[in-house]
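In order of appearance the chains are A, B and C, and numbering begins at 1 in each one.
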C-alpha cells in the first residue's frame, strides 16, 4: 500500500487549493463574486488567485447578487463553468429569484433542453456575534428546492475534494461553507478523491445515531466523546450532502442503534432536522426504541450578546443532555 | 411614406409575412384559449409584431435571444416551428418544452432561444451571462434581451445594465415599451419616464425607435447590433409600441380607455406596412391574399398537429429535474 | 349549425352571468365580433365570437349565471338553412392518462429486525401484563397494533382476582412456615390508662378525628422497635438486613376475602392524629385497590389486630422476608390484680411471632415488655 503525503493546513487553504486545481485543469472555470480578486476573498479563500490567473478568470463583481448570480447562470448556459461566490448566505437572499426560478427550474421548464452547470459557494452559520442579519443557516431551506444540489463540507478532505465533482455535475450545486470552519486545522492526505452523493460515518457507535453537518459536526463529535465517558457509545454521521439526502446511510445506522438525535444549526421549525426525522420515522419507525430527537437553534433572530448567542445555538451540553434522555 | 425600402424585396416581403404569421398565431391562440384548449396564462403580442420581426431579422441566426412571457412571436421568428409552439400551449409532449412549460416557457436549444421567462426582468442577468460566456470564449455572437418597460423598475434591470456596461459585454437590451405594465401606466411607475436616459445613466448608448414601423425597427437594430458585435459594449433600444389586446386573457382593461386603443390601431404595424408595400408596388391585393392564405394554412396545420399530439406519460413525472448521468 | 359556447377568458374564470346581448336572431356575425357582455368576478367582459354565421337562436336568458362551456348562441353556417340543419358530431374526448400511482416512490419500511409492534401497543401490553411480541399483527406490514393487544386481552379468560390473591397468600404462608423457625410469645397488657387517655382526648373531637386504640398500639410497637431493632428488617442471604426506617405493615382484611398488609411509613416519628388519618386512608385505599408500590414492599414488621373479631389473641405467621409479626387481640374488660387486689380492667393480649434465626425468646420477651411499658404512658405516644 503506497503511503500518500500528508500535510497540515487550514480549511480555507484546502478550499483555495481546490479552486486553484479547478482553474488549472479546466479553462472554462472562472471565479466571480464580491471581493474575490483584489481583496483576496472576504475569508481569504481566494488570496493570490488573481495574481495567478488574472482578472478575466478571477472577477470582482459590483454589489449585485441578483445580477451576478443571474449572470453566472447565463454564463453556465453559454458554455462556461462559473464558480459564483456569494459572500454569505445572508446576502444570497437577494439572489433567490434567479436561483429558484431559473437555475433550479430551467432544465425541467425547457423539457430537458438546457442544463445549468453552475457552482455557487457561500459562507453560512453563526457564532461570531455578527447579529441577526449576518448569522443565518439557510442551507436547509435551499435543500427544499428540487433541481438544486446542496453540499456542506465539514472536513478538510471535503473542503479540498468536493469542488471538482461539483464542477463536473451538469446541474446547479450550492456549497455551504460554515464560517467557523475556515480556521479549522488538520492533516490532509494528498490526492484524496471524494464523492458528492453520500453521508459518512465519522465515528462508529452502537447506542445512538448522532446526525450533524457543517458547523455542528465538531460539536456532535465532542458530545460523543463526553457520552462515551458515560457509557453511551454514539455513532456520528456527517451528512455532507443535504440534497439529495443519503437515506441508506442514515437508516443503516438507526436500525443498528435504534436512537436518533439530529443536530442542526437551522431554526427548529421546518428544519432539515425535521426532514431527516420524518424520513427515518417513515422508514424505520419500528426499529426505534425512543422518539427521534433534535437539537436546533432557538426560534429567534440570532442576538449579538455573546451569552445570548451561545444560548441560541446548538451546543455540546445540550446535545449531551438530550442524548441522555433518549438513552436513559 | 413611399420612400424606397433599405433592403431587398425578398426581405421586405418576409417582414410582412412574419408579422402576419405572428398575428394569426396569436389570434388563433386566443380562440383556442376560449375553447379551453390552452390553459393557464396567455399573453398576446397583437399590435407589437413589428418589434420582434424587425429586431430578430437584424440579428445573426446564432445570436442568443432571451425573451419574456409574451414571447410566442419571438420564438416563432427565431425559428421555433409554429407546430412546436402550438403543441406546447396545448401541453403536449410534442411541444418545444415537452409540454412542461406552457405559453410562458417556450425554449429551443437548437435556435439559442433561451425562453420564455415569467419573472419580469428575470432574463436580463441571464443575457448578461450569455454575453459574458461568449466574450470569454472569444466568440462574436451577441445576446439580445427583450423585456417590457415595466422591467426597468426591477433591481435586476439596473444590476444587469451596470454589469454589462462595466465589463463591456455584447448585450443588446431591447425594451418593448407598450406603455402599460399589466394595469399600471408608465407615468405611475417611473419617476423618470425617459427610458433612454435611464440606460444612458449607466453609460450605455441608447436610442428610441418607432416600434410600430418594422422598417425603423430593423434599421435601428441592425446599426446597434453592428456596434455591439464590434466590441462597443452593450446597447439599449427603446421600441415604442402598443398592445391592442389586454395584458393577458382575463383582463377587463379597466386601466385604459378604448379611444386610446383605437388610435393606436390606426398605426397598426401590419396595416401600415402592407399599405406601404402596396404603394411601392411590391405587393398587390392578390399577393396579400395569397400570403394570408399561406399563413392560415400554417396556422391550421399547427392546430392539427397540436390536436393530434400526445400527453406525456405520468410515470415520467420526475424526469428532467436533474440531468441524467452521461447526458450533455 | 354551430353552437357557440361560453368561452373561458381567464385561468380563474369558471362561470359568468349574461348581462347583455349584442346581436339578434337573423343578424350576420363576423369573426371576432362581440356578441354578448358577460359579468364575471373581475368585471364585465366582451365575449367575441370566432365563427362566422347567422344568428339562429339566443339560448340563454339575460341575467342567468352559466358555467364556461354552456352553449349561448346557435348560428347557421353560411349556406345552411334551418330545415336541413346538420349536427356536427362531438369530437371524441382525448383519453386522460391514468392518475399517477400514489404509492410509487413512497418511502419503504426497513426490513424488520424484530417483531413490529407499535408504541401504543407496546405500552398497553405492558399495562395488561401481555407479551406483545407473541401476538400476530393485523396492521399493515404485519404490525402489532393497539387493537391487536386489546383483542388479545379481551380473549383471555377473565381474571379471578380473589383466586389469584388466595394463591399468593398460600404461597407466601407456605414459604413462611417452611423456611422460618417461628417462636411465639404472648403477654397480657393492661390498657386502662390508654383507654382513659383516649376517651379524654376524643371527648372534644368530631368523630372523624377521634383516635382509635389501633393507632396507639401501632405507635407503641414502633417506639419499641427503636429499642429492639432486631425485630425490624429482612432476612436475606443468611443474615438480617435492618430496615432503613420504621415502617409497619398493617394487616387489613378485604371485604371480598383475602388479606393485604401495606406499610405505614415512619410510624415512630408521627404524632397520633397524623397516624390516625394515614391509617384510615391506608385502609380505605387498600380496600379500593389503590395502594402504592412502596406501601407493598417497605414494611419491616407487620402488626395484625383481630380485636374486632373478638378473639383474645392471635399468633400469626410471619410475612417473609420480615422477621417478626406482632398480634393484638380484642381489648376487653377482664379480671385483673392490682396492688394485690382483684379488679376489672381493660386488657389486651399482645403476641409476638418471631424468626428464631434473627432473635431469641429472651429478646422477644423484652420487646413485648417495652410495648407494655410504652402503653402505660399514653400521653408520650
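Worth a mention:
One rule holds in what follows: contacts are C-beta pairs under 8 Å (C-beta built on N, C-alpha and C of every residue); 3 or more make two chains touch, one makes a residue touch a chain.
Here the structure is a predicted model, which is why all the values come from computation and not from measurement.
Sorting all chain pairs by how many C-beta pairs they have in contact places A-B at the top.
Chain centres here are C-alpha means, and the one lying farthest from subunit A is C. Centroids of subunit B and subunit C (each the mean of its C-alpha atoms) stand 72 Å apart.
Each chain gets one centre point, the mean of its Cα atoms, and the points for subunit A and subunit B are 41 Å apart. Our note on geometry: subunit A versus subunit C, Cα centroid distance of 47 Å, whole angstroms. Along subunit B, no residue makes contact with two or more other chains. In subunit A, no position touches at least two other chains. Listing the residues of subunit A that touch subunit B in their complex gives 30, 56, 59, 61-62, 64, 66-80, 82, 97-98, 101-102, 106-115, 146-147, 149, 170-171. Within the complex, the subunit C residues that touch subunit A are 107-110, 112-114, 116-118, 141, 143. Residues of subunit C touching subunit B in their complex: 5, 7-13, 32, 40, 42-45, 48, 50, 68-69, 94, 97-101, 104-105.
Those residues of subunit B lying in contact with subunit C across their complex are 27, 30-31, 33-36, 39-41, 248-252, 254, 311, 313-315, 317-318. The touching residues of subunit B, counted against subunit A in their complex, run 64, 93, 95-101, 105, 107-109, 114-119, 122, 124-134, 136-137, 143, 155-156, 158-160, 162-163, 166-167, 319-323, 327-328.
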